[in-house]
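Reading through the C-alpha cells given below for one structure.
Letters A, B, C and D mark the chains in the order given here, with residues in each chain numbered from 1 onward.
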Amino acid sequence: MNAIVKEKAVAPEPAAETAKREVLLKVDNVSLSFGGVKAITDISFDIQKGEIRAIIGPNGAGKTSMLNVINGFYHPQEGTITWQGKVRRKMKPYEAASNGIARTFQNVALFKGMTTLDNIMSGRSLKMHRNFFWQLLWHGPAANEEIEHRKKVEEIIDFLEIQAIRKTPVGKLPYGLQKRVELGRALAMEPDLLLLDEPMAGMNLEEKEDMSRFIVDVNQEFGTTIALIEHDMGVVMDLSDRVVVLDYGKKIADGPPEEVQANQDVIDAYLGVSH
Amino acid sequence: MFYREAGQFKTSYKADQALMPILQDRVGLAVILIIAFAVIPATANDFFLTSIMIPFLVFSLAAIGLNILTGFCGQLSLGTGAFMGVGAYAAYKLTSIFPDANVIVMVLLSGVFSAAIGAVFGLPSLRIKGLYLAVTTLAAQFFLEWCFIRIPWLYNYNASGAIEVPHREVFGIVASGAEATPLARYFIVLGITVFIALLMANVLRGRIGRSWMMIRDMDIAAELMGIRPLRTKLMAFAVSSYICGVAGAMMVFFWLNAAEPSSYSIRLSFQILFMVILGGLGSLSGAFMGAAFIWILPVILKFVPGLMGIDLAAETIEHATFMIVGALIIFFLIVEPHGFARLWAIAKQKLRVWPFPY
Amino acid sequence: MLYDIFIDPFVQMYDMPDFFLQVLWEGFVAGILYALIALGFVLIFKASGVFNFAQGIMVVFAGLTLVGLNENGVPAYLALILTIGVMGVLAYGVERVVMRPLVNQPDIILLMATIGLTYFLVGFGEFVFGGEPKQMITEQLGLPTGSTAFEIGERGLVILQHIDIAAAVIAVLMVAALGIFFNKTRIGRALRAVADDHQAALSVGISLNQIWAIVWFAAGLVALATGIMWGARSDVSFALEIVAFKALPVLILGGFTSIPGAIVGGLIIGFGEKIGELYWGGLVGGGIESWLAYIIALVFLLFRPQGLFGERIIERI
Amino acid sequence: MRNFKQLALGTAVALGVGLTGAMTTAVQAQDANYVPLLTYRTGPYAGSGIHIANGMHDYLKMLNERDGGIGGVKLVTEECETGYNAQKGVECYEATKGKGALVYNPYSTGITLQLIPKAGVDKIPVLSMGYGLSAAADGKTFPWIFNVPDTYWDGASVVIKYIGEQEGGLENLKGKKIGYIFLDAGYGREPIPLLEQLSEKYGFELLQYPVPGAEMQNQSSQWLNVRRDRPDYMVMWGWGAMNPTAIKEAVKIRFPMDKFIGVWWSAGDDDAAAGGEGAKGYKAMNFSGVGSDFPALDDIKKHVIDAGLSSTDAETIGGTLYNRGVLNSVIIAEGIRTAQELTGKKVITGEDMRLGLEALNLDEARLAELGLKGFAHPMKVTCDDHAGSHPVFIQEWDGKKWRQASGWIEPMTDLVRPLLEAAAAEYAEKNAPWPARTEPCPN
C-alpha cells in the first residue's frame, strides 16, 4: 500500500473555491472494514487549516470510525491520508499526538482515578521531558518543569471556568463537566487539529451553549483547526464552516452548511428513505 | 476541629505540589518518622524489632513495589515472590563476587537485576491484559523458582541448596550475618524503605507517575495522547521489580539470614498482593497499612490468648488466626473495598468537618 | 543437541508405542482432573464474574469433610450426602456473607474476598479435621480401585487405572449434567441470562441472590468430585490446594466462561505437560511440570490474547 | 454501624493487649528448664509434623509427670507453630529465645540453615536430628549444631550398601540402574554428590527424578519416566504429601515394592498405608524404634495420654514418626541430664546444654535404664563428631505395620567423613569470617 502511495506525489492545490486556506489534512479514497463488514467505503474529503469542519450522519454512518482513522487508531485497508502536505505512513496510535492531533471521545474517556488537574496535566505529557532520574530527585528541574506546565494548565482551567473542581477526582463530576474537562485535556496538548466526538451529547441547552462558546473561542483565539461530530443540527449549522455527510460508510454530501442542508440525499438519509 | 486546612493558603504552584500540602499531615508524618527513628529503637526489644518491625518494613517496601505495577499502572502481577527472589539471589552473588563492597550498596544494586528480569516478563503485557496477564507473571513465578533450584551457580554450589548471608560490616558496624544486631538491621531496613518510598512519592506526582495512571485508567485514551504503552508498562514493570528485588534482598540479608527457593514461593506473591489490595490500590501509605495488617496482626494475635490467661494449643491459635484474618479481610472489603488508605481518607474527611457533620 | 530436541523424542515415541500410549493416557487423565478444577472456576465466573480463588480450598474442604465424617463413624454414602449438604450450606453462607454485600464491586475486590474466604476455610478446615492428610475412602464409596493392563506387541504394556477411568466417566457425566442444567431448566436459563447481563436479568425478575447461591453450590459439587478424584490419586491434604493453581492456565486457554473450553483447555495442558516432561524435560534435568503449563498457556495467549474460545476483541472507543 | 464500632473497639483492645505482649516477652521463671518446641501441626507438611510434635511433647511431659522433670527440676515446654515456613520459624525463634531456651529443634532444613550462624552468637545449641546441614556433623567447625544420629550422606551410603547386600555384594552393582526420586529442594539434592560418587565407584547408573514442591501430589510424570527407564531399585528422599503419592504411583506402575527404599523421612505409617495392599514390601531406613513395645512408651500412655494431658491419638503411639519425636526428646532430656552432671547446676543455660549434648553418651545400658532397650543405636557424641551414632536399619511395611527388616547397618564412614569435612570447610570459607572453635570440649 505504502509503495503505491509514494509514487502518487502530493496532490496539487484543490480547486479555487476551497483554496482560500491551506489544507491541513486530506483523506483520499479511504475504505475500512472489520472482518468483511465495511465501516467506511471510498471516502475522500479534506480539512483546511483554521476551519471548523463537521462530520455528520445518522447512527452507524461511520463517523467515529472516520475519526479513528484520522488519528491513527484504525488503519484503513485502502486509501491514503495526507497530513500537512505529506502522505502519512501506517502509524502507531501514540504517534498521532506528537503529530499534533488531539481528540475527545464519544463516551467520555477521562482518567477516572485522577483529579481534574491531573487529567489536564496529562495532556502535557508529550511536552515534558525530564527523565526518570530527575523525577526521582524531584526538587530542581523536574519540579520547575512541572510548575511551568502547571501555568499553562491553569490558563486552560481559567478559560474553561473549572477552577472550583481542580482537585476533584473526575469520576465524581457530573457528565457535562466531565466533557468540559476532556476538552481541557485535549487543549492542553496544544494540537494543530482537534477532533471532537459528539462534544455536546447528553447536555442540556445551557451546557450546549457553554460548550459551543468554548469551541468557537478555541477556534478563534488559539486558531486551532477543529473537526467535530455532532448530532444537533442547529449546533452544526451555526458552528461549522463546512460539513461532510456520511451514510452507511459512504460520503453523500460535502460543502457549506446551507448547501448541505438543501441536499436531497442528506434529507433522505436523515428521514430514512430506503436505498 | 484539629484537622482543618482552613486558613492554610497556598501562594504558589510549588507549595500546592508539595507531597503533603496540609500542615497537620506534615506534622503527622514527622511524628511517625520520629517514632520510627527514635522511639522504637530506644524502647523496643529484640523480638519487636526482628519479628515485627523488620518484616513489616520489608513487606511494606515489597507492597510499594507491587503497588507501582498493580495499583498505579493497573497490571496484575502474581510473580512478586519470584522477583523478590531475583533480588535476593543477585544480592547474594554480588556480595560473594565483591566481598569488600558495601553490603547496602549491593542490596540496592541487586534490584537492577530483578528490574531487567521483570521487564522481560512484562513484554507480553502489550498484548495480554487483566487476569490473562496473571498467567504471564505466574509463569515467571514458577520458572524463576525452578531456576533458583536448578542453577547451582546462583547459590554458589552450596550443598544445602540455600543462600546463607555472609558476615559484612558497613563503616565498622556489623550489617549482615548472625552478629548483626537487630537495631543495626532495623536502621538499615528503615532507611532503605523510607528512602525508596520518598523517591517513589516523587516519581508518582510527576510526569511518569501520571503516565502510569493514564495507562491504568484508560489505556486507549492514554495511547492517543501520545503515551507509548509498551515503554510505559515496561518501565512500571522495571521500577516495580527493582523495588521488589531490593525488598527481597533485604528479606534475606536483614531478616531471615538464609533462604531456600521456597522462601520466594507463590505464597509470598500472594502475601504481598493481599497487602496491596487491603491497603488500597494506588496508595503509598496504603502499602504500609496493608503490610501492617497482614504481617503484624497475626503475630500480635498469637499473644492475646496467653495474656488473657487462656491456655490454647499452638496449632489452635494458628487455626484461629487464619479464621480471624480471613474474616477480617472480607469484613474490611465490605466496609471499604478501596482499602485502608480510603478508610483513612474518609476518617480525615470526617475529622475535617467535625463536630458538624454537614 | 539439535538431535536431542528435534529428532530423538519422536524416535522414542515410535520405538516404544506402548509407552507413548501410556503417556497419552496419563496426559488425558491429568487433563480431565485439571478440567474438573477449572470447571468449578468457570461456573462461578460465568454467573458472577468472580474469579473464585477459594475453589482450590473448596476441593480440599469437601474431601476433608467427606473423609472426616466417615472417620467419625458415618457410613460412606451418608457421609457423601451430608457433605453435599455442607457444600450447600457453604454456598448459601458465601452468598449471604460475602457476595451479597459486595455486589457491583470491581473484579479485584471480589477476587480478594475469595482469598479471605480461602484463609477462613484453611483455618476452619484444619481446626475441625486436623492437619493430617487423610486417605480417600475410595472403596467405601464403591469406586473401582484395581487396574487393567493391555498387552501391545511383544512386551508392550498399557496400564489403565480403574479410578482414572471412573474419573473420566464422572467428568463427562458432570459436564453433560451441567449442560442439561444450563440449557433445559428454568434456573439454567436464568443463569445464562445473568451471565450475559446482570442488569437485564434483574429487570426481568431473576433473583441474583438465588442464582449465585445455586452456582456456588454447583461449584461446591464439582469441588467434591474433584476432591474425591485427586484424593484417590494421592491423599486429601492441604497441599492439594496448590494443585488448583493449574486451573489458571487451563482457564486462560479455554476462556473464563466456557465449559467446553475448560475441558479442551484441561486436555491441552494435560497432554502438553506430560509429553513435554517425558520427551523433552530430561534435556534440562526434568521436573519442568511446575511451569510448563504456564508457558504453554502463554504461547497460546501471544497468538490469541482472548483465549481459545473467547470472542475476538475489537477495541472501540 | 454500632456493630462496626463494637467490632472495631474489640479488635483495637485485642491488638493493644497483643502489642503489649509482643513488646514485653516474659522472662521465664528461674526454677525450671525451658525447652521451646518448634513444631508444625498446620500447613502442607502437617501430616508428618503432627506425629513428631506429639512424640516430642509427650515424652517430655511424661518426664515431668513421672519423675518431676529432670534432676528434680521441672521442664517447661512451649510449642511454637512454624507451619514449616521459614518466616514463622524466625519469628518463633525470636519469640522464645529470650525466655532462656536451652536448645532448638527446627524440624525444617530452611529454618535450621537460618539458625546455624545464630546459634553461636546467641549461645543456644541447635539439635537437628537426622536433617539440616550434613556438614554440621563436623563439631570442630560447628560446635553449636548437633545432628545426631545421622546425616543424609550416612543415609545415602547405607541405602547403596543395603542394595549391594541384596545383590550379593557391592561389586554386583555394576551395570545396575538405581533411580533416585527426591523433593526438588536443598533437602532432596543434598545426597546427590555422594550418590554420584558411589555410582562412579561401583559402576551403577544413577537416574534422577526430581519432584517440584508444588507438584508433590502430581507425580505421574516422574513415575512414567521410572517405567520407561526400568531402574532395578528406587531410592526416595521425600517429605509430607510427597511420600504417600509416590508410593501410590509406584504401586500403579507395578514397581516391585521390595526394591523401593525410602529415607527415614519417608518412613511414616500413613505414607506406607496410603499404598494399601500394594505397598506391602516397601522399605525405609530408620533409626528410632519400631512399634510401641517399650516400657517408656507405656509410661507415656499411663502418665500422659490416659491422664488426658496430650492431644495424641493413642493408636499412633509406636508409629515411626511418633517414635522419632520421642527419640528427639530423649536426646534433649539426656543432654540436660548430662549438662546437670557436668556443671553441677540444676537449672542450666544454653551454653551448659551445648556441653551436655557434646558429652552425650547414650549407651545400651542407659537406653535400657530409660525403658528404651533397642529403641535406638547407642550414641556417643564427641567434639569431632556431632552425629555420634550413624548406623541405620531397614524396616519393611507388611501391609499393616512396619517391621524391622535388617540389623544396624554402618554407613561408609570412610567416604562420608571426608565429604563432611570438606563441606564444613567450604561452609566456613563461604561464610568467612566464620568463628574458630573456642568452646571447651567436655570429653
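Please note the rule applied: a residue touches a chain if its C-beta (ideal position, glycine included) is under 8 Å from a C-beta of that chain, and two chains touch if they have at least 3 such contacts.
Just so you know, these numbers come straight off a predicted model, no measurement behind them.
S.K.: What chains do chain C and chain D have as common neighbours?
M.R.: Per touch definition, common to chain C and chain D: B.
S.K.: Let me check something: if the centre of a chain is the mean of its CA atoms, which chain is farthest from chain C?
M.R.: Centre of mass proxy via C-alpha means gives A as farthest from chain C.
S.K.: Taking each chain's centre as the average of its Cα atoms, which is closest to the average over all protein Cα atoms shown?
M.R.: The chain sitting closest to the overall C-alpha centre is B.
S.K.: Taking the mean of the CA coordinates per chain, how far is chain B from chain C in Å?
M.R.: Computed value for the inter-centroid distance: 33 Å.
S.K.: Nearest whole angstrom, what separates the Cα centre of chain B from the Cα centre of chain D?
M.R.: Going by mean C-alpha positions, chain B sits 35 Å from chain D.
S.K.: If you average the CA atoms of chain A and of chain B, how far apart do the two points sit, in angstrom?
M.R.: Going by mean C-alpha positions, chain A sits 42 Å from chain B.
S.K.: Once you find the CA centre of chain A and the CA centre of chain D, what distance in Å lies between them?
M.R.: One centre to the other, that is 73 Å.
S.K.: Could you tell me which residues belong to chain B and also touch two or more other chains?
M.R.: 142, 146, 220-221, 224, 266, 315, 318-319, 322, 328
S.K.: Would you pick out the residues of chain D that each touch at least 2 other chains?
M.R.: Residue numbers touching two or more other chains: 41-42, 184, 212-214.
S.K.: Show the residues in chain A shared as contacts by 2 or more other chains, in ascending order.
M.R.: Answer for chain A, listing residues that touch two or more other chains: 73, 105, 109.
S.K.: For the complex, which residues does chain B have touching chain D?
M.R.: The touching residues are 43-48, 50-52, 55, 96, 99, 142, 146, 149, 156, 158-162, 164-167, 177-179, 255-263, 265-267, 297, 299-304, 306-308, 313-315, 317-319, 322, 328, 331, 335.
S.K.: Would you pull the chain C residues touching chain D in the complex into a rising list?
M.R.: Those in contact with chain D are residues 16, 19, 22-23, 26, 29-30, 126, 130-133, 135, 145, 147, 159, 161, 230, 233-235, 237-240, 242-243, 245-246, 273-274, 277-278, 281-282, 285-287, 289-290.
S.K.: Where on chain B does chain C make contact in their complex?
M.R.: 76, 124, 127-132, 134-136, 138-139, 142-143, 145-146, 150, 220-221, 224, 266, 270, 274, 277-278, 281, 315-316, 318-330, 333-334, 337
S.K.: Help me check something: in the complex, which residues belonging to chain A touch chain B?
M.R.: 71, 73, 92-98, 102-103, 105, 109-114, 118, 121-126, 128, 130, 132, 135-138, 142-143, 145-147, 150-151, 154, 185, 189
S.K.: Which chain D residues qualify as touching chain C in the complex?
M.R.: 41-47, 49-50, 184, 208-222, 224-225, 227-228, 240-241, 244-245, 248, 252-254, 270, 273-274, 276
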